[in-house]
Every structure is written in structure tokens, then in C-alpha cells.
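Listed below are the structures to be examined.
Each of the two complexes below includes chain A, the first together with chain B, the second together with chain C.
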Partner chain A sequence: MDVVFEDFRKAYGEGDGYGLSMTLCPIPPNDQPDRFPNFYRSTNFQHVQKDFKYRILHDAASPFKLPIEEGNGWVEVYFTYWKAIGEILNAEASNEKASWVKVYEAWKDMTNALLRGYTNCGFEAWTVPCLYMAGKYLRVFAIKADDAAGTSTASVKTFQEDDFNPEGEKNEKLEDAARILNKIFTTCLSDRAPLEESRKWGIYNIINLLFKTYFRLNSISLSKNILNAIQAYRGDMPTLDAFPKSHQVTFKYYVGVINFLEERYEDAEKHLTEAWLLCHKDSIKNKELILTYLIPCHLLTTHTLPSLALLEPYPRLQKLFLPLSRCIKKGDLSGFDAALVAGENEFTKRRIYLTLERGRDIALRNLLRKVFIAGGFEEAKDPSAAPVRRTRIPVAEFGAAISLGSQEVMEMDEVECLIANMIYKNLMKGYIARERGIVVLSKGGAFPGTGV
Partner chain B sequence: MNSPWPMIQQPPPPGTQGQYGYQQPPPAYHTVQVRQSFNTQPLHYVPAIQQPLPPPPPPTMAPVESAPRKKIDWPQPVRNYVARSFEPSNLLDDIARPDMEAKLKQTITEATDNNTLGTIDWDNLPLPQQMIRQERAQAALSWQQESVDLRMGGMTNGYTNAKKRKSQEIGGNDEDSSATPPWRANGRFEDRITYDKRTKPFQDDSHKNTSKFQKNLEKRQKRFQNEYKAYKPSPSPEPTSGPVVGTCQDLEKRYLRLTDAPKPEKVRPEHILRQTLDLLKKKWKKEANYSYICDQFKSMRQDLTVQRIRNEFTVTVYEIHARIALEKGDLGEYNQCQTQLRALYAQNLGGNPVEFKAYRILYFIHTSNRTALNDVLADLTTAEKEEKAIKHALDVRSALALGNYHRFFRLYLDTPNMGAYLMDMFVVRQRLAALANMCKAYKPDVTLRFITEELGFESDGDAAQFICDYNGQTLLEEKGDSLRFLSGKGTQIFEAARNEAFRKVDIKGQI
Partner chain C sequence: MSAAPASGTAPPTTKATSTDKNADSPKETKPAAALEEDDEFEDFPVENWTQEEAEVPADNTHLWEESWDDDDTSEDFSAQLKEELKKVEAGKKR
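So, the complex of A and B:
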């Protein structure tokens, strides 16, 4: 136990929050594989609190003196931490999945002890990284516990429900973890100390953990509450750019994705682009995540496709987007459909299927544009004048182009319907004269933004 | 499918739901005491307001309260009785202090009025808190027969209400007794009003203070009395760890939201529920009374849940309820069933997963729930995607995603199972979207026939009616031998109607 408290004294003496949080890590450092067994065995249930109290509060070797109240708070934290370590060692040794439920409960106790430290014992704001550590692993252990629980346990509370709650049973612990994280969030947000020593500086890290949890729980809508809460407090909060970059990037990424899922592509693009620009250049994984949403976004807002150079470092994204991109570029509708079906599992997993599907409009636009160009020019009455493209095109010509790819004949009414959509969405300028079976395209820019 | 869209979302006639009352929400407020009559004396309110009285009030309290009557020298047994009532060890958790005090006062007052103060065996008389508990238990019994689902806001609410009601009762008792308190003797409201001689008949001399108005008040007061008394505090058994095993043999049971652990004698076991289902199926065919059926199905589902019965029978119950709810456009209930069915199908318990998975897709199209749609897509297996009903629903989805109204309305006219009930819910908005689309793309006009065919109307008449419903009559014009729709001029009307229709989807609306 002395190793742990040496680290504690060192970090506390230097006011090193991240160092302090490392003493509460549930994963041993690589160079000390025996740290936890030794720590756990160094005391026992009977003496643990007294031992810890002595080391934290009364050790003569300590370079500083903690206020009694705060010291007792830390004793409680390390006592619960010690118990959690015991459960972890037990779970790892027993190989029994169910013991992760106990690990989760023990870790939750630790987290709660830590929270009480802030609300009752005057823990200082620089120690918030300890909350990051607690929150991070709370989520990890909750997921492990839920995996272990499977379908076996049903909570006692269900007797009051008319129907059973399938989701609740599957993610019981993770939902519980979300509630605790929310408590941490409130503890940080409601701190009234002056900004220099406020727990508010921990807020975005915790928010990111919450978002992550909500996404996994499939209750993304709950993220809205968080966003509303910080919106309400924005007056007495530091601006986002004053926070550590890592917090900013993750936060912007999540806000971007939330907007993306709610089909607010402009907002999504703004946030994702900011995240993209701030992201560390070597965080390939994170950049890949950002691009996963930024690329479909871009396709819809600007009708542009990713360049090969952009995708070059990300083989996974190449696999994801290149087949579709090629078909869109060529105006190959049936190829597009096939690529969409082929990638459906991957796309739905990342929740980009429904957005990518809309890329079909661009593919169709490109195909119709080809028909328009193939139509050539009007016979010029005046040879010296600039050539004018043929702007009256039979619907049948468009229909032929569409059928060419799919090898199936499409009814003219349906072809008209597709063209009507193009016109409605401003991808094409002109109108359909149904009586005469032709499409009359605008002489100045029939396909806006494409140069013809 | 005969003329589907006008018959959609027919809510049941108002009143059918109230009859069953299963949707009464708990009051979200603390009941504020309303003045029940003009002549209640304020003294009775005092205990209610000063709920946290200092612990053992002096035993002299009763004499003080009845001071206006006459000075009484309280016999020692009475004093002991009062003292015992306030002893902390005799206090009951589920009886609020003010209730107990009121009861105590009532007991002593009655004894004083009947001159039985000296004759009652005070040493063996049940303490007021015990009396209250007994009364409540009795009231609860009679209550269960009537059983109307009136949920109380919560424990405390129930208590304070009971207390308040009590205080009124005592007031009533006092009235009967000859000793009218001095503050009432000349303070009665009626006495202060000078009645016109002609309206005076209202005042019946035999019932001195019952105007018609007041009679109503009393009636109302009584009506509530039952409810409050009936509130049963929970001397109920601790929830046991295992599921309940029901013993109830009744086929029919009203739905009541559980506020407590279920009691076996109120829960029907599976073999009874099977008979219930047969009965309900017959009744539904014969009477088609939706509020009754829905109520019964909810209680069946509840019984299944509390007993943790999850098998093919459970699936059948949910499927049938879901179908009936669909038919009646009760999306709230339908959605509840659908959520359960999804979990039940995941356990491979039989039933008709294909049919209901298809409904699920259509439902999410209706509610424009993109996240859920994405998840449905992710959950489907390749084989399932080829099933007719599911394929149909997926095609509907993709047709809408791509704005292909032509294909959408073809699919609409050829919907398997009961999917049309769901499609009816969004077909109007899709027609508006398609019209907005056409108005922008087609110039100068199209035949009405074309609209009818493209938008899946039954007849030209229906199509024309639809256009007129959105004030598009000026866009219809006779030309030669055909009726034409002046699409070129309709953009504004139908763009606005489209936006309005897509603005909000109300999914919460239950019948």
C-alpha cells in the first residue's frame, strides 16, 4: 500500500491532478504487474481504514497536512478503491463472468465516495481528473457486467410494469452508470467556485463520457438534455476553446454526429469540420471517425465526393466510400444500388446508410446530365453565334439512359417522376411538358453547379 | 382497400374512454383544500397546517380544543388514553399524526356528547390510530369491488386528503349535535343573506341549513369521501423475489395500474388467460367495443408480465392486441405491443415475426424515426429482407427516401396484411409532397386522370376532392373533354400544405 500512498503524496504535493488520478486507475502500470496484488494484500478488512487514515492524515513523512475532513474523504475513496481492486483481482482470477457485476458495484461505490468528497469534504477542483478516471471505468465495468448478466437477472422493480422492459434488462448496469455519470456532470456544472478553481473545467470530459454512453444505449436523444444544460449555463462557463483540445475535439465530434443523425447537415458539417481541423494529426482512428460522417455530409451539402488523396491513409474508409463514389461519378444507378446493398451492414452499423442513400440523387443527376450533353447542339441558324445546346429533350431519351444501366424498362410515368424530383430539388432546371412528352431545360445552366 | 384515407384515424366517440377511466393521470399537484361549505369552522384546519407538532403534546390538548363547549374535568382514564395515543411506541407509520389527532378528538367529543365519558372502558378501547387502520382496511375492501382506477398522487397526498376529509366529517357531526358552537350560531352564511320572500322556499325549515346548493356540495363531498378512505396504505407483503403465481379464476378483469406488489388472488393464471382470450376474441367480433377490449387486453398483458409468462401464448396476446389497436388507429397501444413483440420474437417464441417486422418498418416511416429505421435495417437478416411483407415495407421506405412517389403509390395499393392501416397514416402527407413536386415540375398542366393514377386515388372524384380540400379548386379546369389540373400555378398552395403536413407527427396520441 505504501507504493500507492507514495504516489498519492507526490501527486497531491505537486497538485498534479492527472498524476493523482493514476493512483485510482484500475489497470496496473506495465512496469508494476504486482502492484494490485501487493496493494490488496498489504492490509485487510479489519485494519484497512485505520491504515489508510494513518497514511493519508497522520504520516509524519508527509510533506503537507490535509484538513481532517478532506483527509477522511480521501480515506473513504481509497478504502472503496481497495475493495474494488479486491473484486477486480477476484474477477480476473475466477474467470467467472458474473463477478464483473460485483466489480461494477464496487467501482460505483468508489465513484460515489469520490463524488461525496467533492460535495461534502472540500476536494479541490484540480483533482477532477480522478472523476474522469472513475467515470471512464464505470462505463467499462458496466458494459462488462451487462455482458455477464445476459438474460438471467431481472430487476425486482419490474413487478409494477405492465409490460416487461427488454432494453432495461439488457443494459441495466450501463443505464445505472449513465445516471451516475449524470451526477458527476451535475456536480461539475453546479460548482459555484470562481472559475480558476472550478470543477467546471471537468465538464466536457464528463459530457463526452455521457455522450459515449448514450450512443451505446441507443438513447441519443438524451444528449439533448446535456446540450440544453450547458447552453443554460453558458454565461458563467469558460468558452469551449479554453478547454483541453482533446475535450474539444471529442465534444465537437459528438455534437456533429448528433446533428448529422437529426438531418441538420449544415450544423453537422460545421462541427465535424471544426473537430477535423483540431484533431491531432496522428490520431488516425479519430480522424477516420470524423470523416465517416463528414464525407456523407459533404456529399449532401455540396454534392462533392472525397478525393483519393484524402482517403489515402484510411483503407477502411476507402472500402466504405470508394465503390459508391465511383458510381455516383459515372451516373451508374444500378451500380450505385448494388454498392449500397453490398455495404448495407457497414453503413447501418455506422448509421450513415440513410444519408448515403440520398447520394443516388447525385448519381441520377450525373446520368441525366450525360444525356443532355449527348444531345449535342441546336442547329445554328447563324454559324458565327456561340453554339446552343439542345434544351428540348424527349422523356424517352432519359428513360432509355436509365434503363440502359438496369437492363429493365422503366415506365415513362416513373421516369417523369424521377425527373420531377430532380427539378424539385433544384438539381435540374426546367420543366416537363407532359402533353408533348418532352423536358424543356433551362438554356442558362440546366444542371446548376456542373458547368452546363 | 376501399377508399382508405377518409376512414383513417377515426377516434372513438368521445366519452368511450372516460367510461373505463384507465387514462386518468395521477394529479401532478397537491390537492388544495376547497371550501366545502360556508360554515366550516376554521379550528379544524389547524392540525392540518401544523403537521409537524412538537412531539408529545400535553394531554390537556383535548380539553383546550373543546373549550368553547363547557369546562369539563377530564377523568383520569381519558387522560391516560390520550397519553397512550401519543406514546411514540404506539404511533403507526402508516397513520399520519394529524389523522390520529382528529380521530382522538372525535372519539372524545362523541363520548362527551353522549355522556359516556365515564362509562367507556378507556383502558381497553383501541387507540385512535388502530381505529383508523381498521376503518381503512374496511373501506379498501368495499373499494375493491367497485374498483375504478383512480390513482392517488402518492402516499402523502392520500394522507393529507384523508385528513382533510376527516375534518369535514367532524364538522358535519357537530351540526347534528345540539351544541352549536358559538362561532356558528350567528355566523351562518344564509343568515347573513336577506332572501327575497319568493326565493325563500329554498330554505326548508326542517333541514335548517341545507340549501340546494349546499346539498350538492355535500353530495360531492360524499363522492370523494369514498375515494379517499379507500386509499389503501401499504401493509402489503414485501415483494417476494420470484414472480407471482396467480389464483384468480375470473375471466374478465378491469385494467388497473399496479402501484404495489401484485396479489396472487387478483392475478389470473395462464390457463384462465387462455379462456379469457377466447372470450375476448368472440366479444370483439360481436360487439367491437374498443375501449372495453383494450382495457381487457391491458389487464391480460399485466397478468402475463407479473407472472413472467413468456411463451407462444404471450406472443399471441400481444399480436392480437396489436392488430386490434392498428385497426382502430390506436398507435400508442400498438407501439407498446410492437416493442414487446420485438423482444419476444428475439427469443424465438413463434408468432408472426415477418408480419410484425413489416409493420414496425411502416410505423417508423410514419413517425419519421430515422434512428429507429436505421436500427431496424441493421437488425434484419438477408433472408428476412426477401420476405414479401418485409420487402414491401422496405420498398416503401426506399421509394419515399428517393422521392419516388410513382412507386410509392403502386406499393400503397398493394399492401400485404394490415399494413394499409399504417400506410393510411402517412399517405395524405405523401400525396401533398408529391403534388408539391409535380406543381414545380409540370407545366403548364396535367390531366386530372394523371393525378388520380399517380397518387393512388380511387377515382377522379376523389382526386378532385382532395385538391379542393386544400383550396385548390381554382387549379381545376375543363379543357376539351378532360378535366385538367393547372400544376404550374399550384406550387404555393401545395408547398405550404406539404410543409404543414410534415411539420409534426404526433405519436403519443392514444385513444
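So, the complex of A and C:
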């Protein structure tokens, strides 16, 4: 146990929050594989509290003296940590899945002891990384415990029961963890100390843990409550850009995805672009995730596609987006539909299917644009004037172009309907002269934003 | 013991001058990543970094391109279109 408390004293003496949080890590450092067995065996249930109290409060070797109350708070934290380590060692040794539930419960006790430290024992704000550590693994252990519960009871459960409440029991511990994380969130947000020594500096790290948890629980709407809560406090909060980049990027990613799922694509694009530009260059996986949502956003907001250079480092994104991109560019409608069907599972899993589906409009726009360009130019009355494109185009020509790819003849009414839609969405400018069966396109930009 | 950082803009999570070194060690993130699903946003191996370390490779302007392709608008397409038009009209007369 002396190693742990040496580290504690060192970090505490230096006021090093991250160093302090490492003493509460549930995973031993690489160079100390025996740290936990030694720590756990160095005392026993009978003496542990007395031992820890002595080392935290009364050790003559300590360069500083903690107030009794705060010291007792830390004793409680390390006591619960010691018990959690015991459960972890047991779970790893027993290979029994159900023991992860005990780990979760023990870790939760430690998290609560830590929280009490802040509310009752005057723990200082620079120590908040301890809350990050507690919250991070609370979530990890909850997921492990739920996995274990799921596999151990699956055989007993009948299919119908499963069907009745598919989410309810499966995520019992994770939902519990979300409640504790929410307590941490409130403990950070409601701190009234002056900003420079406020727990508010921990807020975005905890919010990100909550977002991750809510996404996994599929209750994304709860994330909105969090956003509303910080919105209400924004006058008393440091601005986001004063936080570490890792907090900023993760937060912007999740806010971007929340906006994306609520179909507010411009807000989504803004947040995701910021996350993309701030993201650490070596975090390929995270950049890939940002792009997974940023690419469909770009398609809808600016009608642009990712270049090969952009996709180059991400084979998974190439697989995901290149077939669709090619069809959009070519105006190949049936190819687009086929690519959408082929990728349906992946797209649905990532919740981008509905957004990508709207890309069909862009594919259609490109096809109709090709018809317009193939129509060539009007015969010039004045050879010195710039050539004017033919702007009166029979509906039948558009119809032929559509059936070219699909090998199916489309009714003229249906073609007109598609064209009317294009005009309504401002992807095409002009009107349909029904009685003559032609489309009269605008001479000044028939397909806005595309150079013709 | 004050938690205030000298500049007032960095979080008071450390009183030492360097934040980065104290961040989670890489070892610490590994087992966690194994526990997480493959499409979850990962913890960064470091807490903070400079703008240079966030540099987007290549020129940003070449990363996004127009959604249409004018090279593809060839003679070929207008020939095909005429062909198809004839077919459609023939089909109507029948």
C-alpha cells in the first residue's frame, strides 16, 4: 500500500490532478504488474481503514497536513478503491462473468465516496481528474456487468420475455451508471466557487461521458437536457475554447451528431467541421467517425462530395461512401438505388441512411443537368454573341434519360412530378409548360450553383 | 492551496506547468478500447495538444469536390439519349 500512498502524497503535494487520478486507476501501470495484488494484500478488512487513515493523515513522512475532514474523505475513497481492486482481482482470476457485477457495484461505491468528498469534505477543484477516472470506468464496468448478465440469463429467458422489454434489463447497470454520471455532472455544474478554483472545469469531460452513455442506451434525447442545463449556466462558465482540446473535440463531435440526427444539418456541419479541424492528427479512428457524419452533411448543405484525397487514409469510409458518390456524380439513379440497398445495414447502423437517401435528389439533378448540356446551343442569330444554351427541353427527353439507366419507361406524369420537385427544391430553375410538354429552363442559371 | 492556473485559461487540474505529460498513459486506454464498441468515439491518448498537432493533411480546399462530373457529359450520352428517345416514341405509337 505504500506505493499507492507515496504516489498520493507526491501528486497531492504538487497539486497534480492527473497524477492524483492515476492513483485511482483500475488498471496497473505497465512497469508495475504486481501493484494491485501487493496493494490488496498489504492490509485486510479489519485494519484497512486504520492503516489508510494513518498513511493519509498521520504519517510523519508526509510533507503536508490535510484537514481532518478532507483527510477522512480520502480515507473513505481509498478504502472503497481497495475493495474495488479486490473485486477486480477476483473477477480476473475467477473468469466468472457475474463477478463483473460486483466490480461495478464496488466501483460505484468508490465513485459515491469521491462525490461525498466534494460535497461534504471540501475536496479541491484541481482534483477533478479523479472524477474523470471514476466516471470513465464506471461506464466501462457497467457495460461489462451488463454483458455478463446478458449472457448468463439468456438461456433461461424465453424469447417472448426478451421481446417484451428488449432494452430494459439488458442495460440495467449502464442506466444506473448514467444516473451516477448525472450526479457528477450536477456536482461540477453547481459549484459556486470562483471560476479559477471551480469544478466547472470538469464539466465537459463529464458531459462527454454522459453523451457516450446516452448514445449507447439509445436515449439521445436525454443529451438535450444536458445541453439545456449548460446553456442556462453559460454566463457563469468558462468558454468551451478554454478547455483542453480532447474535451472540446469530443463535445463538438457529439453535439454535431445530435444536430445531425435531428436533421439540423447546418448546425451539425458547423460543429463537426470544428471537431474535424481541432482533432489530433493521429486519432484516425476519431477522424473517421467525424467524417462519417460530416460527409452526408456536406452532401445536403453544399452538395459537395468527399475527394479521393480526403478519403485516402480511411478504407472504411471509401467502402461506405465511394459507390454512392460515383453514382451521384454520374447521375446514375438505378446505380444509386442499388448502392443504397447494398450499404443499407451499415448506413442504418450509423444512422446515416435517411440522410444519404436524400442524395438521390442530387443524382437526379446531375442527370437532368446532363440532358440540358447534351441539348447543346440555340442557333445563334448573331454570330458575334455568346452562344446560348437550348432552354426549352421536351419532358420526353428528361423521361428518356431517366429510363436509360433503369430500363423502365416512366410515365410522363411521373417525370413531370420529379421535375416539379427539383424546381421546388431550387435544384433546377424554370417551369413546366404542360400543354406543350416542354420544360422552359431559366437562361440565367438553369441548375443553380453548377455553372450552367 | 489554490487551484487557480497562472493564466486563468487552463483548467486547474494541475498546478505543474505541463498538462500533457500527466495525461492518461497509452497503456491505460488500451484495455478500455477493447471493452468498447468499434464505433464509439475514443478517448484521446493525450489531454491537450497544439494546433500544429491537429493539422489537416493536404490542402483543405481539395478535400471536397463538386457533385457533378462534366467530363462524363460526352457525345456518348447524347447519342444514347437520342436512341432511347426513339425507343420511347416507338413504344408510344404501338
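Just so we're on the same page, the second predicted complex is superposed on the first by the 436 of 452 C-alpha atoms of A that agree within 3 Å, B and C clash if a C-alpha of one lies under 4 Å from a C-alpha of the other, contacts with A are read in each partner's own complex, and residues count from 1 in each chain.
What we mean here is this: a residue touches a chain if its C-beta (ideal position, glycine included) is under 8 Å from a C-beta of that chain, and two chains touch if they have at least 3 such contacts.
The structure presented is a predicted model; accordingly, all values stated were derived computationally and were not measured.
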Could you tell me if A:348 is touching chain B, chain C, both of them or neither one (first, second, both, neither)? first
Partner touching more residues of chain A, chain B vs chain C, is chain C
* If you stack the two complexes on chain A, which partner ends up touching A:93: first (chain B), second (chain C), both, or neither? -> neither
| field | First (chain B), second (chain C), both or neither touched by A:310 | value | second
* Touching A:232 in the superposition: chain B (first), chain C (second), both, neither? -> neither
Open item on the list: I'd like to know which partner A:380 touches here: chain B for first, chain C for second, both or neither.
Closed with: neither
The intersection of the chain A residues contacting chain B with those contacting chain C is 349
Seen from chain B, its contact residues with chain A in the complex are 239, 241, 244, 257-262, 298, 301-302, 305-306, 308, 310, 336, 339-340, 342-343, 346, 370-371, 373-375, 377-378, 398, 401-407, 436-438, 440-444, 446, 450, 453-454, 488
Interface with chain B, chain A side, in the complex: residues 154, 156, 158-164, 166, 218, 220, 261-263, 344-345, 348-349, 351, 353-354, 357-358, 360-361, 411, 413-414, 416-421, 423-425, 431-434
Listed in rising order, chain C residues that touch chain A in their complex are 1-5, 8-16, 19, 22-25, 27-28, 31-32, 35-37, 39-49, 53-58, 62-70, 72-73, 77-78, 80-81, 84-85, 87-89, 91
Touching chain C in the complex, chain A uses residues 14-19, 22, 25, 27, 29-30, 124-126, 128-129, 136-137, 140, 143-144, 196-198, 201-202, 208, 212, 215-216, 238, 242-246, 249-250, 253-254, 276-283, 285-286, 289, 298-299, 302-307, 309-310, 313, 328-331, 349-350, 362, 365-366, 369-371, 373-374, 376, 396-397, 399-401, 403-404, 409, 450
